[in-house]
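Heads up, the next two complexes both have chain A, just with different partners, chain B and then chain C.
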Partner chain A sequence: MRVAPKEIQSFRDDFTYTNSASAIERFPFPFPEDEYRYSVNIEAHQPKGGEGSAFEHYIDVDEHYLSEMAERELVLKDMPNRCLVMPHMDLACWEMLERYMVSLAEDYPEHFKLTRDGDNWHWENKLLNIDDHFTFGDGATLPRPPLDYIGRQVQGDFALMDQREGNLFMDAGMVTCPADWSLAFDAGMSFDEWHGPVPMVKSEGIIERARKYLMALPVGQPVRRLNWTLTVNARMDTSTEKYNEWGHERTTITPENVSEKVYLRVEVQVLDRMPRSNAVTISIRTYLLSLEDLVTNKAWAVRMHRALKTLPEALIDYKGLTRFHGMAVDYLSQFDPAN
Partner chain B sequence: MSTIDQIVVEVVAIEQVAPMIKEFTLQPAEGQFTPFSAGAHVVVEMGEGEQRYRNAYSLMSDPNDNRQYQIAVRLQEESRGGSIYMHEQVAVGDQLKISPPANLFAPEWRAKKHILFAGGVGITPFLSYVPVMQQRGAEFELHYMYRSQQTGAYSAELTEQLGDRCCCYDADQSSRCDIAVVMADQPLGTHFYICGPESLIEAVQATADELGIPAGAIHWEEFAGAKPGQPFTVELSRSGVELAVAANKSVLETLEAADIDIPNLCRAGVCGQCVCDVSEGEIEHRDAYLSDAEKQSGQRMMPCVSRAAGERLVLDI
Partner chain C sequence: MQAEHVNGATSKPVYTPVELNPKSSFHLFIAEQDVPVDLQSLYNGCTADKAVAAYACASDSQLLESLQNFPLTGTLYLAGTEPFLWRVTSHARDAGLCSDQVRLLAPISRERHLFCCHCHTITEEVTYSPYACSGCGAMLEVTDHFSRLHGAYFSFQANAEDSADMPEKREVN
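Coming up: the complex of A and B.
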């Protein structure tokens, strides 16, 4: 059974967000081996895991759909500059809208419907009660610009990269649930610039290899990679802009509440080449799972313990885990028979 | 490109569009092509065995039309054989393999104005620029230089379609383009694009220098791929395999013939995808990708165009 969207829960204030048993089961657990290593870990974005898996479709719509869309509305109302598009990226935004509408309608016909007659399109999103007729490519016929429009209907953050001057530039995006970064800060930067703060990767040449790989990404062959960190509370919007609201929460962790308040935050990043604009789109889909829910899977509990325990100091610091990393390792150690 | 990504296409039309240029119209053997972006190219694989060639050609059809792709091939008598094969061996109904479209020569869409310099068959990428620039309402001028006894395809159509935005210069009629006049007094934010022989690229670069136009506003694509050289031996240190690189083959082609797949896009020393680490031997660098410091270090090379300066190279593969 595929997970159906459930009622709206919050990612702030009272944090009513929960994962059902089936959401836990399908959680995209990111560690393929016990010891944590940095790697580009890219694979083809092909269906994997069968029906109900988080990798069943190009876009994963899960039980948190309505909650994440409601959270996104709150963020954008407060800070409209979480969606930024430079004028030369208009075509790329339309292409992304096309890619998303086509795949949503194909993969979830019970929720989404797209009818096309040339450039006259009709889009229905039954989950959000949206029903719009518009002319593809003509922004005046949509209630909002194309990225702003489709971004409010798809879970995850989005960035669009222009390819020029032998590099990729982050020239458009909608980013409301980032793991401590800011679209407004990174906008217009090159791939090398916005990866500047990542530790340990420069000497290993990882950024250069990743950039070259993406610059050669062919049309129609999307790829994905997983990234992760730990977040205190089920907070989606851990943006740099809102650091004052969430940064201090890292000091609230105690051995008693670590399992309940610390969440494994996994990003499924999908990279795809848009044919007409030559832009590379990246969607960053965030999944949150509390440690207490995580340890219901015994294999994950063991692996999580070993991955955290062997995490290099530079990465503990970069990911912002210094204050509670030890407590998380101590908590998880009880599930690891090696201890 | 990896060979597993290749698309099988059928040649559905061939037209002699200039004394030295043939135009090929390609359709997918199955499924559909994707639209592409202005300035994109494909790598066409033709022939077999010793007679197998892979050459990059600009897509020159309308990028929004995904029913067919078109390329134009200039016969290069002194080339290593790819264009001769296309001209003499390929017939309507034949199948070829192409890579998915890739783009190393996209318009800079932030530019206020675009000046396009085409030399001969270098017109091809600009044929895909024109419909998109018209659609976007971009300001542009096309300056097209050719010899009508050899090249000059599409000049009549372009003149008719673009009016005074297209200037044609036929060297066989003693008509020359004064590049300095074209480039002077263009508005700030103008970008310049060149596709043609090295001499044209150098002339535009030199003029830009004199006029104080920033290097970042100059974009070019050379249509030359690998050039022949002396034969030599390449050794692969991880497998111990030794391969003979013939005078008219590149290292990349030699590796591919031995079923060693190396990522590549341009096959002309520009995109940087195929870079290899070199552990022994002196390199004759012929690429436009590595920095001067990297070239001097002698530790990396672009096997698509560069060769051994001596008799042997050891690659860290």
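Coming up: the complex of A and C.
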């Protein structure tokens, strides 16, 4: 059974965000083994897990669709430069818009409809009551530039990378729910620079291998990888821009509230080559699950405990878990029979 | 974002000793204001077609014009503060120069430009951390995460998690 978008919930202030039982069941749990380690962990972005799975379609539209789109509007109203596009990325943005509209209309015909007659396109998004006619490739015919337009209708953050000079450069993006980074600062950076602050990866050669892999990514063969961290409260916008507003929440965790206030934050990152611009698009789709919801799945509770317990100190620090990592491990230990 | 890890970031530029490009038939030496000794000695040692100039501003119109008309076989050598080096580099890229055509001498000062991730203001002449943002006033933790586009280092509010927990003042190099 597919999860239908539900009423708007908040990712800030009163934090009304919740996961239904079916949303918990389909949560993309990221740990394939007990011990956590860095890996490039890339697989083909092919359907997996059957009907209702988070990997059933190219784009996953779930019960949080309306909530996430409302949250995105709040962020962009406050800081319009969370969406940045360098002029040479215009074609890549149109290609991304095309890719997203076509797949949404094919996979969710009850919600989205695309009618094309040459360059004359008609787009209907019934979830957000959008109904627009426009000329593909002509920005003047859309209410907003192409990335700004489609980005407000698809869950997740987006980065578009230009490929040149033997590297990938992040020259466009819409980033309203990042795990502690800033698009405004990282814009224009090469793949290696962008990952500059990540610990351990240099000595392990991971970034270089990932870059080489992505530069050889063929058209029509998207790939995905999962990344994760822990977030205090169901806060989508943990950008570094707002770190001065959410950072103090890391000090609010106690053994009593750790299970309800600490969320496993999983990013499903999909990387796809655009055929004409040769850009690589990355969508970074964020899923949040409280520890108390997570432990309703006994196998996940055990694995989460072991992954957190064996997490290297450098990663605990980098992910910003230092203040509450021990409490999360202690809480989870009760579900691990090895203890 | 923990400072310990942002420091030592691989995005921090590494400046290796600069040599004349033997493949070039034209060499342009640009300094910010005064020509430093090491740039001067490179210039003196160059026997090919060459020119030297100093500009107070990285976006000087004359400088931009010389980049627009830069020969395909030319090499550009830059000396000055770090923000100057990268601003001129950015203009050179816009003008079509490839990375091998632009060579940077080590910055003449250890002062940094600091990008405040909260208000996006760039604070100049920063030599220690934490440092007050000239835009929003937040005390900023200085990191080694560097943007060539901004010519500046990343920073964030040092005591955002616990207002009573301000890191001790330290020099940045």
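A few points about this structure:
The rule we apply is simple: the second predicted complex is superposed on the first by the 339 of 339 C-alpha atoms of A that agree within 3 Å, B and C clash if a C-alpha of one lies under 4 Å from a C-alpha of the other, contacts with A are read in each partner's own complex, and residues count from 1 in each chain.
Here is the rule we go by: a residue touches a chain if its C-beta (ideal position, glycine included) is under 8 Å from a C-beta of that chain, and two chains touch if they have at least 3 such contacts.
These numbers come from a predicted model, not from an experiment.
Superposition model on chain A: chain B and chain C are shown in a clashing arrangement. By the touch criterion defined above, A:Gly196 reaches chain C but does not reach chain B.
Contact comparison for chain A: of chain B and chain C, C touches the greater number of residues. In the superposition on chain A, no contact is made by A:Gln269 with either chain B or chain C. When the shared chain is aligned, chain B comes close enough to touch A:Gln163, but chain C does not. Of the two partner chains placed by superposition, only chain C is touched by A:Ser182; chain B is not.
Contacts of A:Asn125 after superposition on the shared chain: neither chain B nor chain C is touched. Contacts of A:Asn81 after superposition on the shared chain: chain C is touched, whereas chain B is not.
Superposing on chain A, the segment of chain B with clashing C-alpha atoms against chain C, chosen from 60-68, 96-104, 132-140 or 204-212, turns out to be 204-212. Chain A residues in contact with chain B (one complex) as well as with chain C (other complex) are 165.
Considering their complex, residues 86-88, 162-166, 212, 215-216, 218-221, 275-278 of chain A touch chain B. Chain contact summary for the complex, chain B toward chain A: residues 1, 5, 34-37, 40, 63-64, 99-103, 106, 108-110, 216, 263, 265, 271-273.
Interface of chain C with chain A (complex): residues 1-2, 4-6, 9-12, 98-99, 115, 117-118, 120, 138, 143-150, 154, 156-157, 160-163.
Chain contact summary for the complex, chain A toward chain C: residues 81, 165, 180-182, 184-189, 192-199, 202, 207, 240-244, 247-248, 250-251, 314, 317-318, 320, 322-323.
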